[in-house]
């Protein structure tokens, strides 16, 4: 569960359900459990006896659906929904998902988590042939490819289209009579299937959304699979055999909710093991207590405390209303210690030697601020321990860290970072530490994790991003 | 910091600052840190060179001040603000504080935390003499009494008025040229004074708001004190000598933020000690782990775990967006396990014997729901431990628990409650346990704590509530 | 019916109904017909079995009641409502009427059209005695006086209070069991009583509101009368015998809707007669046609055309959406002829000699703009004829023209004005012309009309305004 | 200018300007003058140095642009805008114009007044080829056809596309470097070009919008023309020679504002001539006065009065705020005479024999209601005269009267209608009367007017509507 003090952003959570009354309401509840995956836009498409209606808007789910009637009036037996993080510049209503498409004789709605690596090429190619795009979202490509496919049934059109797009994607596609779910060949993003007590199927990004709607977990969607749910039940098919699991390790480290399970591994427990491993790899002598940055680092901090034998304490408190304020302290106020989101517990940290556990470091601005906050509150020393390796490379599969110049670890040594943060010591978890702590049951490389942002080894070609990546790396070389 | 799953509500947080630019902005930031004390209304009165302007409305601070300009346009050098919990039936804009009063030649604004016990008598008396009240709030009485006072200066008018009102109150009164703060003779509610780096004084409900605005803590306001802040600085005076500290123990147990200090005692640390004492008083054999109900019970759970030697685990996750949704699951959905606010971490609790620590029990509906949630998630057993004594009597000094028929502990035995909750065992902390854990440095009864809701011994006469209290107790006797 | 191009503003329209289902809805409909009397605030108080609830806000009725449910949820058998013009500086929600007053044992709501001349003195006097005012509105005085009255029944308390206040007023006062209507001793403002098919009584500012709700006109309330409507029907009483009719002549000239009748005289017909009299008093030779400034001057223009034998034409068109735009042309755009509210019909006026009839002139800015608009559209000549005498003195009884320095006719000669307006000639109707055209059946001075803004002879003492009036006149003398 | 009491709805007004600062503001002002052409949606696309941004929404212009900043922040040197009437069922934001289209390398925006007769065929054809439509609007076809054109420059692509679409259309197409305007081969809808003092060109639906923005009229766009405005000035070209003027006669009868000129004919004057001709064709004996239904019938009523020598009177008053209320009287209230939009002036009509002039009759419900209103107000007799022929056939070129079953004149004889309306007599203007009164200078059939809704003779093939039209006529035959 992300703390607001991070600048790392997942692009999206998705939820779909087929064959139950109150489909839109369940989708709202499911998305509410996935809100941590995107706070800048939300939408729901409901299917009422074959007629699809979409409601979407900017902000949190509670901004878009701002009264009970806003959901209640969306009558229907199936629905898909989406919560979204939008990158600056693409701030258009048209980009908020589900994307609705109306044809003379039918309707589609698409929801997508991930990032395509050949979206620009496809769009240029199709526009040259007369295609008109509704949005600036890469998501829309799938719709065009489906409609341009010469295959004679929708199943095969889907498969053909899915084989053309590249990158990271978990797609939900609803038509008047069915719901498809598809996962990319590397399974970069999580996607699970569950079942309601009344037999209706649910497909969504994390198991926490299954729990929220009272659905029983059935299975993790596998790389390359195409799931179809319709009146005759669920069909598990595949559109490619060329697959290899490489799920985003940041899901375990930071994005996913601690109560979710991914491929059978509980996220909180994985984080706790990372914290324990971190205590082994990066111990601190003579510390008085371990504290975590709320909320995303608390599991790792517990693990560090348990392994090290140090007391686990509440040294930082997060304002639970901080998701919502539009009002920020001025820079002058900030300088004099004003902090609206995080507070140090003076009565706890005063005079103490602290192990401060954080899950990851992106730009480093937050780390610097938190160390200062604790020292201003009287901490004797702050030993910063990060429960993941240094982030040094961009992600092209759905996390918003595409510019290496913004990644402090790509530009500074560990000692430089320690100095910038004002910490007394600084240590990171190893890549192997992450891999062992998650410990997925697979013989894929890195036990099925994508760790490209740590080691630069991408599990797929980069297509449209190849050139950008090379340019970034060259620039970086020249800087070092 | 209250979890949303409680039905216990503090009436209000207050914040005032005198003599600094950006007074309204600082008040916004201070109130933001006090938002946990009231979520149903908020307001700020700013003093711009002697001219007072008030903005107030329903909902969270972020609803009332819904754009940066909403605060920025409130130019001024002093301000007071208020966040409010409103009881049903008094849902009028006129009741939202600060209460603004405009006279032909001057202006006042009042903000109040607490509850007066002779408000009804005063109002009836004054209305018979022709007075017209703006609001249905007990707060307004002070204004009428000040204006009716025959004393010839405002200081003495304040003192006269403060001696007439009874009950629990922390008042802020701003005029064009000064800011008063006053605390009731028992100090039922917390009130602290701090100072900004530029020398300006701040008065507010909790030290967490001082931290939020970068102010240094100066002192706790004492029972019976009347503080005046104006161009010539701060004056500490008193309006009565007949005082005896009896601060609300629920502030330590549940209301106050863990990072606040009250009379020198850190709230988190006090809660941790309560948890440790609870482990001594109410141990559980053969348990696997301790979990707390987020967020208000986590400190006590840590204390219980540390004292008992059991692992402290994350067995429940609270949806961090839950403060805001207007959309509720239907009863049918609720029955099938839908829960939008709290989730059990199945991967953690499955098959385990749990010690579940909660801070207090009011109606008991939440306890029942959480026990069921954990058992549905596969917990082998749930041993519920409450880090406070059973709530059996109403509060008349500012907490919204006036009807004993709603208090489950006033109506049921511990064994009956255990059965209702579906817990495997149930244990409460003793009154002495609370008193010793907080451990205020005073020789007042109960070491300066009000524990009347536990033992029915009120530190003051009840005035207008005497009759109501007797009727409630009689009814209760007849029921048992 | 006022055109937006005027700067003369009536303070308020009022409507009350007692003893019918849908009382709030009828009040909404009645106020909708009175919207021309005030566009800056609106409110309704409904009485549901003795419980009074008020909804009020800034803007048009349709801004305050912005959905059907906003009115439908105001269930009740009686209601009063108000539309309001608010003077700058008193832009507070608290001033929007009806003013609601809640006492421990009862409730009141007040709606008022007019202006009291001793409000400031009363308020100062009562504040010295400890009274607290809710609003900065003069309306509130009546409530305080009622409550302070030592009389032992409400009828007598009302009468005592009404004898203390001075100036122009039509009051509606609703309590849980009755509705009072009271008119000042000069009847400055119009007030009529009607009856619905089901027998329920209606009291309101103009007969157009009776027509709008389907009520039959019963009688005009007379100066000094106090009407009471309750379960036993309607009672017509009086609180003073010292009365003399002096109804505001501007009601006939400009404010009232043309379809209203006042003391038996239809407003449109009176205006038409003023136009005809104007043609006699101020003829134009060699004109081609008569045009009126829409909408308030069309009746007078028709009268002028009919009497003079000239064709009546549509030379100006008013944008029917102009009540609502917040967006104004910049000064630069205005200079180049941009006009969002009024257009000249070029095809009609090009090359023609025009008689342009307007109802009155306040500041003169509009007249200048309209003459320019017509000349820019190609008019050969524009002969401006005003269907009322020059406005030279302030009104203290409820019209917002209190500063003579803003009245062009108080500062300039007719020839000066003509030159400023750019008109080819300029003529005004005489005071006697107004009096004869309205022709009320009474032997009061000026046949029962107040014409003080024309001749400076006020029918009452000015109380609090005496000094202000003298100062203004002195200043004016020094300027001339 | 339409009265609200009509159910005839024009689909849209358009406005474009190229090459001036404040382009969006001028477009707002221009659209404000065209608001009568569509009240259910509005939008503006601004072009800021080649970057196009669109803001659009439901309701009046003042709903969509609800603060000055909403327009001010749309910086740019060119803009197009649209006001819209949307038929039920197509109530989607996506249909509100201008329609924005974003391509990888360019942007377009389209605004359209009219209705295409082969839109369905084109859409089906293109969807079969893989095209995806954004909206359900027929407007969008042009964009697809432009993009699919194989011509090698945009001018020729436009021409090719314009030759494929059929029906009534006035189009504005803005790209980053130019603004096109195109009119259909029959010129069904009006479209004019003007010039601002600074030289910038304006294209819009009516001359009243030119006047509103201070632009000088230059010329009426002719059927089949394609106008291009860009940095090098204005180019007048044509895309077809196969043209014949058949401008909608309802523009003169009802839609256009009285101050607009169409092909050199002033609308008010044309209406006045229609009224005069109506007096000749359908005189009334022994009438006392002529009254018109405000506001659209006032010109015709003046003409009737002038020609007949009867006095012109104000017998009906329209509530000037009626454009905005969401709150309607219940049917029960309506029965008892409640009317929120129109009032009879009792003081004028009581006991009188009236000639009531209305511009046209669609369903007839309004006529019935107005006759009743006047009789309830005491009119001795009401002789209804309609300043246009009976509407008996649907329009396929942009007016929303497509279902003949809704047209009372298609289903009833004149005597039947008279009885339904409760009028004492009823008479219509002849088709020749309309043609002669408008009197356009052309030798096209009906002097260049389309009168198909009166005589069923459509100036073009009906394409997609052929079948629908035949079915409707057959049904009608069977009913008669």
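Letters A, B, C and D mark the chains in the order given here, with residues in each chain numbered from 1 onward.
Throughout what follows, contacts are C-beta pairs under 8 Å (C-beta built on N, C-alpha and C of every residue); 3 or more make two chains touch, one makes a residue touch a chain.
In UniProt terms, the chains line up like this: A, B, C, D = Amidophosphoribosyltransferase.
The model shown is predicted, which means the values in this text are computed figures rather than measured ones.
Steps from subunit A to subunit C, taking the shortest chain of touch contacts, total 2.
Between the CA-based centres of subunit B and subunit D the separation comes to 62 Å, rounded to the whole angstrom. Per-chain CA centroids place subunit B at a distance of 51 Å from subunit C.
We define each chain's centre as the mean of its Cα atoms; on that basis subunit C and subunit D are separated by 36 Å. Contacts with at least two other chains are made by no residue of subunit B.
In terms of which chains touch, the assembly is arranged as a closed ring, every chain touching its two neighbours and no others.
Taken together, the chains touch in the following pairs: A-B, A-D, B-C, C-D. Taken together, the subunit D residues at the contact with subunit C in this complex read 1, 22, 25-26, 28-29, 32-33, 35-36, 60-62, 65-68, 70-71, 196-197, 208, 211-214, 257-259, 261, 265-269, 295, 298-299, 302, 306, 311-314, 317, 319-321, 323-330, 333, 336-340, 343-348.
Subunit A meets subunit D in the complex at residues 93, 101-104, 120, 123-124, 127, 130-134, 136, 143-144, 147-148.
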